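Same chain, two partners: subunit A is paired with subunit B first, then with subunit C.
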Partner chain A sequence: MAQADASMELDNRSGGSVEKMVTADGLPLKTSLRRAERRSKLFAFALVAPLLGFLLIVFIFPMAQMMWRSVDNPQIINTLPRTVEALEAWNPSAEELPPEEAYAALNADLAEGLERDRGAIGRLQGRLNNDVSGARAAVRSVAGQAGDRSEPFKDKFIEANALWGEPAIWRVIQREGRPLTASRYLRALDREYAPDGSIQMRDEGQRTYVALFMRTFALSATILGLTFLLGFPISYYMATLPMRYANLLMIFVLLPFWTSLLVRTSAWIVLLQQQGVINSTLVGLGIIGDDQRLSMVYNMTGTIVAMTHILLPFMVLPLYSVMRGIPPSYMRAAKGLGAKPWTAFRRVYFPQPLPGVAAGGVLVFIISIGYYITPALVGGQSGRMISNEIARHIQGDNPGLGAAIATLLLVCVMILYWVYNRLVGADNLKLG
Partner chain B sequence: MSQRLLKVIGAGSAVSLIAMSAAQAQDISLTVVSWGGAYTESQVRAYHEPWMEMNPDWEIINDDGSANALAGLRSQSEAGNVTWDLVDMLPSDAQLACEEGIIMPIDHDEMLADGEDGTPPSEDFLEGSLGECFIPQIIYSTVVTYNSEMFEEGNYPETIEDFFDTENFPGRRAIQNRPAVNMEWALYADGVDPEEIYDVLATPEGQDRAFAKLDTIKDDLVFWEEGAQSPQLLADQEVSFATGYNGRIFDAAEVEGQPFEIIWDGQVVEFDGWVVPADGENVDEVMEYLYWATDTQRLADQASYISYGPARHSSQDLVGQHADLGIDMAEHMPTHPDNYFAPIELNNEFWTDWRDELAERFNNWM
Partner chain C sequence: MAPKDHNDAFVAFDRVQKTYDGEQLVVKDLNLDIGKGEFLTMLGPSGSGKTTCLMMLAGFETATFGDILLDGKPINNIPPHKRGIGMVFQNYALFPHMTVAENLSFPLEVRDISRAEREKKIARALDMVQMGEFGNRRPAQLSGGQMQRVALARALVFEPDLVLMDEPLGALDKNLRERMQLEIKHIHETLGVTVVYVTHDQSEALTMSNRIAVFDDGRIQQLATPDELYEKPENAFVAAFIGENNTLRGKVESVDGAYCTLQLADGSRVQALAVNIEGEGAESTLSLRPERVYLDVSSETHDNIFEGEVRELIYLGDHIRVRMNVCGNDEFVLKMPNDSHARRLSVGERVQVGWVKEDCRALDPS
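Take a look at the complex of A and B:
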């Protein structure tokens, strides 16, 4: 490197003033250093660039797109600009229909839309139907002949579909006639707009997502607790064994890890179902009667059991590697100094693997919050989690709502991580 | 290696490369999306394989993506990268896709073959089956099935009312985790005439009534999601009753020999068929293929592999025997007079309007 043979030329004779430091090739040292540094920085960047590009393409870009989708609302404003304008003066909270001009504007918008881009009308129908059931048919019933229709539009619209005689659909056109919307977030929080534009809870029978969020967190916490209770003793035992045996045990922990997720989940179905291995054994032993077979799958129990099993290695691996590094002499010393076994364990041993517990805990909890396939297969209804709802909406008629729920989930995870960081500190994570 | 030998090898490989790429240029490769399992199998044997035998340069690749066909079509069209050439889809989803302009409008009389007796397609396909962008293929039904080993002989359920009668017919019941079909049955069992079901269901009172009826069996319900789950649950005796697609039930009962009996009372019938994604790369080839694959004989052929009825009038009399079992297929068809005594015709327009709202309520109720 250029600055390697940097030399200093000091002229002490001329009044002790310090000359600029230069390198062998005569460049000032500072410039030379900067240049060299820039080169190594570029080199370092080139090394991480593939990963950065990869993350950008498969992670950050889709995530931004998903968030955008949750607020993006172009269908109404783009297809019905005149209608939205004509509705500006209309008071949505009065139980009155908009004036004839609004119907005329809608007719003109539909006629033009049909001519310009038929698909836009279809997407508009879907968008309106998200908020008002039956809107799809209502638009369909008037769009076809929009080009040939003449006054009075209001009566003709109401005759074609009774929904045009109700203020509800007009409120949605007025309120949602903007390029961005918050309505999906409201829906994801079980809230909706009242006729006067204020926000209220939805009808009891329609509240879904808040409870499902709660259930998802509760299930994840349960699974975290179970993986800890099961994983801690195993890891401890493995850490105290000679390497040979520990490795053998490690294979037992990892073996399910190498098996297909679907196979493992299906195996649990075979074990847990009513005519399955466990129930049949219990009945065969006479512990339960044939009509008392336990429901252990297609419900919450199924989700908890299968997911605990699947996520156990995520707890055991960091715990084990941290425990391996704890010298057994500490415990001996504590006992030698007079501590009872339980006190020695609690006060001397237990605090040491805590960073491993923290790492395993964060892994298990965050993975299980977003788990999808296992709850879908063995969860039945009571074992469903929020991701199942996200999938249903993304694949269904309201991808925006799915995106909003997914964004909320992301925010929840980030808040949890922030709280965790404040309480425990991310520096205290230790994966080994 | 001598210089000459190297030259020969080089020239040889260049020639073979050119030949290979020329051969590939001729090959036509179509990606056909369908439902998987026994259903895709029936299409492969009735349509794809015979066609590829006649046209060795064609290759048809199967994709089991139909359960999410609408979402797939939407995202492919949005991304401007349409990789599906032909999609098997339900008419309700086809209607939505058609209105959104992501599948091709079809002029049936122009693009499809006349019936064997010369009837134009618009008359030959069953009434109400044609859609703007939809080419019907089969008529199928969702039925209630029971495992006869789980009931005492002489006391077998026969009606949808029996399905809702947990006192005389105890045992768990598996239904699909969506409102369509289940709400219709609830009203039917509650005494609503099949013709009036959708009028009742479009009112809040009617919806409450359907949920109230479903409440009566709620404690005994198990929910399934994919079509393959329901015969499995029934075969494992996890449930005594299961709702399911009649073709899959037929497959389990006749091919695998499961003791399943179908209750044809209140069967919910619907069509299923093809759509062609707009802006696909091989639209001309797909239409050429469809012209042949939806003609009278081909539709009748499919019925030799699965018990779904052909969607053409002219195919009905050609329905023969099962290709492997040799049993008469006619009596296993949903449209056979012995089975078609109290059908409920699934109203797609109703469900495209109401499925957002009712799916949410149904999910809460579950």
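Take a look at the complex of A and C:
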């Protein structure tokens, strides 16, 4: 028996050497390799782990929470469970008020809520007010006496606040009486529910966010274009200079990074305002009249100037590092082969730093569509961007809407990155 | 090949000087005539001014003084792209974002040559360097030797009359370099194009050139054919730079027509060919090729006979390098052919060495 085993093992070895490589002690090679590399893998993980943990806590977790808040909708279903149940049979698209039972259920819910948790009523008011203006007052007007009120509730409710006599608020209670909602995303896209439950555009005067998204993209594209136009020549020049002078110039390019935000902002205001340096110079030179002073700050121009300034290094750094690596012999070769200087530049030089242009471009664009502080300080009304709206809602009474807009912005960035990756390839992203 | 006079030259440097910083001349008074169809090599150590000369000819540097003439016309003020000179760069400078065929197409496109004509010329040029299969590759997918071939084809594809090469084989390993040397030489012979070639590798220069201009310190030290340069160096620098060389220093004791006698530091007297000496009593350097020193010869056939002591034997296969002490010089080298009945030497042995005075050139003190 033992002999048979041994011979089988022998067979296995001789046969196995063809199919499966083994080490001297008979273990498969792959297993041994895994064992041998376990230590280095553990070491590598230990190097990454602190950052991973940090990102998990301060980035991924809050992001997930933000996305959750954009759809989280507990206020109505938790505070008005009976009302939601009573409204199940009601047809919202008919222009009729719900039956008396619904009013009774609402009264009971409010009475219980008042007794159990006053804060919940407050949150309910805020939530309803997000979708129906005036709902806060309407709830407040009936909640106080809910415990003392008796039948018939319907007339008393309508008497207390006319909003209870309109189907709109009941439609909202019925539709939003679920734990999750899409209504903030509709708002963020300037859409709303029609009475029959279908989705429609909001009234012209109430549309805000789509236009603001568009403006944000347009501004970002403009800033991207400007940083490229300003950054390309300076990067090219720096790449041709000896290291010593190039580093000196680089300091000037990086200067905005080293200046306090408030110092920078006040400098722009001093420079750009109506009584500022530029306007006064132009008036002094007689180029424009005193009554024609240009408004260059607290509007779109202010946002563009200031953001181009602060984002320029993000374009220059990758461009410069890519251009440094392009030997001057290419241009020489092109000229030597008979190309005019401009043709040589266009056909031989220009295509080579394109990965740097792409890297800088993606950086500048993605940073600028989420930019907040500069437009808030010097943007005025016409220079506002979508982030200002996000901040306003998150600090204000509709954080859910802010979260929804922020999530949409995140999705936009993801799509942009995906498109970029398909077109250029993330491997070509050269940051230095 | 070599031009008869200045007016016959295809490329001429006329009293050219070049400085970069206004303080030091990199090229000092360069006069050089290159004939049509000639393969001329500028050879010299780094910093000798040879690459600067090439760059001035290509138009990437301007001469501080003097004229450079191409086919009789001064080209100092013609920009590089109008000179119509093909150039092969040290690092090839193949455009990385273009395929091999696009690289070759580039000089033709900027000359507005029709598509059909372009394709014909590209195919011909690629076949010439045996790269016909590689038209669709990118430079990054080629080996060093292949890139070198493509760079050569690109410099030739628009059929220039003059091609400049700036140490084109410097990055290749020895075997490939030697093969490419022959290939470039054959292409030159086939096309009859004028080539100005820059290198610091003397064997490369000897292999390929019709004539070699040896540069040092911003000047041409000697301009001659390879055999003349090797066998008849005119000064100590050229003698030391080209090939292996035994150097003996001494004072000229007497001059007798074409020959002279030198006294070395250890008192021994050597007869030599007076090539470049200032006269009796002057310091001089003797140059003697190791392969012209013989063992166990008599004074009847050889003018100089000395006794030397073997210090080191280096086995090199086809020959054995023998380092010995001769006339007080510890670095004296001779080459012993490795044939079956040659004498076997051992370290410490004392032997007679000798050479004829025609092979021993008295040059300037260095």
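Note that in this section the second predicted complex is superposed on the first by the 394 of 432 C-alpha atoms of A that agree within 3 Å, B and C clash if a C-alpha of one lies under 4 Å from a C-alpha of the other, contacts with A are read in each partner's own complex, and residues count from 1 in each chain.
The rule we apply is simple: a residue touches a chain if its C-beta (ideal position, glycine included) is under 8 Å from a C-beta of that chain, and two chains touch if they have at least 3 such contacts.
The model shown is predicted, which means the values in this text are computed figures rather than measured ones.
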Superpose on subunit A as described above, then tell me if subunit B and subunit C fit or clash. fit
In the overlaid three-chain picture, which partner chain does A:Arg118 touch, first (subunit B) or second (subunit C), both, or neither? first
Between subunit B (first) and subunit C (second), which does A:Gln395 come into contact with in this model arrangement: first, second, both, or neither? first
If you stack the two complexes on chain A, which partner ends up touching A:Ser150: first (subunit B), second (subunit C), both, or neither? neither
Per the contact definition in the header, classify A:Ser198: touching subunit B only (first), subunit C only (second), both, or neither. neither
When both complexes are superposed, which of subunit B and subunit C contacts more residues belonging to subunit A? B
Pick one for A:Ser260: touches subunit B only (first), subunit C only (second), both, or neither. neither
Of the two partner chains, subunit B (first) and subunit C (second), which one does A:Pro341 touch, if any: first, second, both, or neither? second
Rounded to a multiple of 10, tell me what angle the C-alpha centres of subunit B and subunit C make at the one for subunit A, in degrees. 130
On the combined arrangement from the superposition, state the nearest Cα-Cα distance between subunit B and subunit C in Å. 49
With touch defined as at the start, can you tell me which subunit C residues reach subunit A in the complex? 58-60, 79-87, 89-91, 93, 95-97, 106-107, 110-111, 154-155, 158
Would you mind writing out the residues of subunit B in touch with subunit A in their complex? 68, 70-71, 74, 96, 98-102, 177, 202, 222-223, 225, 236-238, 349, 352-361, 363-366
Which residues of subunit A touch subunit B in the complex? 117-119, 121-123, 125-126, 129-130, 133-137, 140, 205-208, 273-275, 298, 376, 380-381, 389, 392, 394-399
Of all residues in subunit A, those that touch subunit C in their complex: 327, 329-330, 332-341, 343-344, 347-348, 351-352
